[in-house]
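Right after this note come the structures.
You will see chain A twice below: alongside chain B first, and alongside chain C after that.
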Partner chain A sequence: MLGQQLFNGVLLGATFALVALGFNLVVGAMDRLNFALGETAMVSAVVGAVLMETGLPFAVAFLAAIATGGLLAVIVYVASFRYVSDRFPTASILSSLGMGLVLTAVVVKVFGSDQRSVPDVLAGVDLDLGLFRVSGAQLVIIVLAALMTVGLYVFLDRTVWGTAIRGVSDDPTMVALLGVPVQRVILLTFTLSGVLAGAAGLLTGLAYHSVSPFDGFTSTLTALMVIVLGGLGSVTGGVIAALVIGVLQTLTVAYLSATLRDLIVFVLVGIVLLVRPQGLFGRNAGVLERV
Partner chain B sequence: MLRGGRAAVVLAAALALTACGGGGEPGGGEPGGGVYRIGVVTSSTGPFAANHTTMVAGAEYAVKVLNENGGINGNKVELVTVDGQNNPTSLATLIPQLATRDQVYAIVGPVDSAGCEIACATANKLEVPIVSPGAGRPGVLANSRPYGFTLAQPDAANSTAVLSKAIRDLGFTTAAIITDEANATTKAQADLFTQIFADTGVQVVQRATFASGDSSFASQITSIAAADPDVLALAAGPDDAGRIAREARSQKLRATFLGTGALQSGGSAYVAAGGEATEGTIAAAQYDPHSSNPVAAPLLEKAQADTGQADIPLNFAYAFDAVNMVATLIKEKNLAPDGTDIANARRQIQEGLNAMDRYVGMADVTTFAEDGTAERPQLRSVVQGGKFVIDKSAS
Partner chain C sequence: MSPYAEAVLLQVGINVLLALGYWIAVSTGKYSFGHAAFMAIGAYAASMLTLNFAWPLPVAMLVAAVVAAVAGAVIGWMALRLSLLYLAIITFIFGQLVELLFAQWDYVGGATGMIGMTGTTLTLVYSSIAVVVVYLVLLTRSRLGLAYAAIREDERAATASGLRITRIAVGAFAASAAVTGVAGALAAHQLMIITPSLFGPQQALLIILYCVLGGVQYFWGAAVGAIVLSVLPIWFEWLNDWYMIVYGLLFVVLMIVRPQGLIGRSERSGGGPLLRRLRRDGAVAVEREREPVG
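Coming up: the complex of A and B.
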């Protein structure tokens, strides 16, 4: 049973990782937190679930979810970041929080406040790997989450635009002087973060079998715990912290109590903040580690 | 006057009020032109918003049928609907408003226990009869007597006999219980299951908990699946229970799901959340939308035809009956319309409700116990074809 519980935790952590990576991209590009990213994930999941309910294949729903996430992130960027003065760093935080509330309200208005069921995928698949079993949906979640994480890492490490994103993250003034179109790079960064959030939203819905219009802020809080633990701006730190939190939450529920689940994570994050405020892989990491 | 099994009197009155007309009959207040106002307390937001919508529809349908058949002695019945928006402060303001400004004879609603605890206690202080078409938490009317009533029978009273019999009939020997430990109602359900399993000799091999609002049940189901129980008792709200069912089936757990009457009353939400995984779920029930009772059956059939619903929901039927109970008492006690001597009228309705024995309406037979909760039929339901149906062979 421990093997299965560990796998459950890794699965949970994989979905946390995607939305946390989305947060980290924006932090790297602008030193700002996009508090509407959880709601972006939620809206994307609702769109994906609605499409699956109409009978469209999961692949189409997934593409629609990540497209929705990317589009919404661009809208949030324009509304809450692009034209907000750098002199008022809290303004973009409050503005993005407001955008999150707007997104939730729109979903409630259009689709209602009830939880929406997310249809299963690969329902007939059940792999027995000895220590644990993997269902079709879990297989899809783990494969897509891994592909997107590795894809992001490769994109940032091996492509011109990825290098530009890392450059903007490191010193936007310098790269602007070198001719890098900083605003376009930031727009691309937001789009990527939205794509990751969109994927996280639908994959989380698949894992939980449902999506609620009120899931957004919970996702945001969890992602904040992940990036505080892993270190603001660190890709590797975000992934590792997400897996740690996922496994920790799962084992707490399995062997202690469901009501202690969040408490233990908050205590862990509190200890990390005291001992290593920059997080496990934070600002002291190399440039590649920072987005 | 209704105690003592005089169902025929109630039945005759109900039929006269709802089906056979009654306009211009002698006795009972003014002979036409007046109005009897009944308050309805709904909530357009919160977890029970859908139940409230159903309740309002049932109350409005009852008034429509009453007025189409001449009202009460030629006097119209009107609903005064207020929206508490799932807010205790709003309820504490709206109930006095119904009592003083609107001069209602009685109040129907709210359907949920949390709302009823506030609204019913407030109405009781103001000495206005209030009937909840759904509140079923134990002790929900503790501060609301003698003016507070609920048409729902609490889980412990209704479910124990039904579930014990189901366990014996089906030969279950091992069980697991999953509990929402952040909710008083579901914790009470877990205690109920524990007692039932102890009484029937079923070994509880695993217990798992979650907290309201949790999204993932993978960890809990993995633990339960390792114990491989015959039955999994769902001490959870219907949405959560549905998602637990899906997770259980996705992890190949083959246990039969067991629920209290609360699961059946939220059956549509349970099935919507759980889909095919909910098939075969057994739950206690206190309402049969396809009752064969000679009074209930024609009322249900007419409601089905008039509203286009294949199954009349529990809260609809309970609200319909609540309005008709009040109307029956107004007619029987010759209460004057337009709020005349309203305090005396409310007292007489309260006394009539407390004395009511075996009222037969759309929701079959109801008797109010001394604590204001209803004594209801004890039925077994099972999910078949995507909905709870009453297992008439087992009830």
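Coming up: the complex of A and C.
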């Protein structure tokens, strides 16, 4: 029982981690928050769900979802970040919140405001690993989320463009002087964050078997709590914090009460903000500067 | 006066109050993304008192102001020590927390909310506005108002001048929350029914838009923004169907074209990057001319 709950929590946390990583990438690149990222995830999930309903295989729907996510993130970048003066630190937040409103409203106009069910994948699969059982959908979620997280690590750590992203995050002026095309790196960062959000959207939809146009807001909220807990801009901290929150929520629902699920996370985040505002794992200099 | 006109005037008045309240926080340069939460706190506090204890509305409004101010001070104290990004995150989360708490609190009706509040009159709304406007006029002419502007323009310079910026900003945040709480109380007693979802993110964004559209430099700019945005959906009925998209795009366009709002000098707020560069180059040229020869 406990093993199963822990696994479910990790599963939930893995989807949180993807959106939170998207947020942290943008914070690194521009010191700005993209508040439309949750809605980006929601739109991608709706697109994925619609494609799956028409009978297309999950792989196609997943690719379409991450493509949608990347594209939307670029649109949000152009609308809310590229041409917004950096003399007004909150302007991009307001603008991206506005984009979030627009995305939600457009989805409601086009697809209606009802919940949309997400078809199951690998319905016949049911692995029994002793401590816990894994359904086909859960297997897909955990494998894809892990692949994307590890892929992001390898990309940031080993490739030229990944190094450039980390460089821009540390000191944009310096890397610009070294000849790094900062604007293109930022564009790449936004695309990556959208891809992660798109994947998270569809995988979350798969976990709950449904997606609603108003999910975007919840994703943004969860991601914000994850990045406060893990430290603003800290990639590793974000992943660990996401898993902590996922497990905590699942255990609360299983052993205490479903109504306490969000409250416990709020309390945890409040304590962290009071005691350790740089986040549990925010030890690198870049994060400290942002507190 | 016809009941319709009265309803419109009440609605506009409450929105103006919301915009003025928000402006107090913004005048120190601190943007909150969960101000609807203070509105909810005020609305629920006042409704509890008038419904369950039969208190008169004006007294309940004062209590609402105090409760909202305390909440504002606590959140402000948590968030204003940190950077603007954290302020955005914390106020955003706080808005959700308040909505969630009211939705789970059975004493105030949970998700179905409270029903049966009446008593908001034009006199009450517009005398509240008058009080706030008098306060704001005095504020903008006082040393405290100057301190707000100093913090908004340059926090480091303000600190160096000996201002306790966190304490001053928390004070501004609490005052802002108090006014927003009063507006919430008035809104509750006009709407007759309140639910937690009424004070959700959309309402929070609307308050910001009132203030930002008008311009954050002068408080009356915020009031003008509130009036315009409250009256537009009445004139253009189709807006009701599309207002989320229209208002969302309004945010996007506004932030690119005039992030300081429609009213206000662009000079102080920096203007566009090109204008600023021109001005800087001009200043440099003037200084060179002044350089002593030899």
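Throughout what follows, the second predicted complex is superposed on the first by the 283 of 291 C-alpha atoms of A that agree within 3 Å, B and C clash if a C-alpha of one lies under 4 Å from a C-alpha of the other, contacts with A are read in each partner's own complex, and residues count from 1 in each chain.
Note that in this section contacts are C-beta pairs under 8 Å (C-beta built on N, C-alpha and C of every residue); 3 or more make two chains touch, one makes a residue touch a chain.
Predicted model only: the values in this text are computed from it and were never measured.
Give one word, clash or fit, describing how chain B and chain C relate on chain A after superposing.
fit
Quick test of understanding: once the structures are aligned on A, what is the angle at the Cα centre of chain A formed with chain B and chain C, as a multiple of 10 degrees?
Taking chain A as the apex, chain B and chain C sit 70 degrees apart.
In the superposed arrangement, does A:106 touch chain B (first), chain C (second), both or neither?
Touch status of A:106: second partner only.
Based on the superposed arrangement, let me know which partner A:258 touches: chain B (first), chain C (second), both, or neither?
first
Quick check on the superposed pair: does A:199 touch chain B, chain C, both, or neither? Answer first, second, both or neither.
neither
Is A:269 touching the first partner chain B, the second partner chain C, both, or neither of them?
It touches chain C, and chain B stays clear.
In the superposed model, which partner reaches more residues of chain A, chain B or chain C?
C
Examine A:228 and indicate which partner it touches, taking first as chain B and second as chain C; both and neither are also allowed.
It touches chain C, and chain B stays clear.
So, A:90: does it touch chain B (first), chain C (second), both, or neither?
Once the two structures are laid over each other on A, A:90 reaches chain C alone.
State whether A:120 touches chain B only (first), chain C only (second), both chains, or neither.
First partner only, chain B.
Based on the superposed arrangement, let me know which partner A:26 touches: chain B (first), chain C (second), both, or neither?
In the superposition, A:26 contacts neither chain B nor chain C.
Just to confirm the geometry: in the superposition, how small does the C-alpha gap between chain B and chain C get, in angstrom?
For chain B and chain C in the superposition, the minimum C-alpha gap reads 5 Å.
Please identify the positions on chain A that touch both chain B and chain C, taking each partner from its own complex.
Shared contact residues on chain A (touching chain B in one complex, chain C in the other): 259.
Looking at the complex, which residues from chain A come into contact with chain C?
27, 31-33, 35, 79-80, 83-85, 87-95, 97-102, 104-106, 109, 217, 220-221, 224-225, 227-228, 232, 259, 262-263, 266, 269-270, 273-274, 277, 290-291
Which of the residues in chain C end up touching chain A in this complex?
Interface residues on chain C, with respect to chain A: 31, 33, 78-79, 81-86, 88-90, 92-93, 96-97, 100-101, 104, 201-202, 205, 208, 212, 242, 244-245, 247-252, 255-256, 259-260, 269-270, 272-273.
Tell me, which parts of chain B touch chain A in their complex?
45, 49-50, 181-182, 208-211, 213-216, 218-220, 222-223, 226, 239, 242-243, 246-247, 250-252, 269, 272-273, 275
Quick check on the complex: what are the chain A residues that touch chain B?
Touching chain B: residues 1, 4-5, 8-9, 11-12, 113-115, 117, 119-120, 126, 133, 135, 137, 204, 207-210, 212, 215, 218, 249-251, 253-254, 257-259, 261 of chain A.
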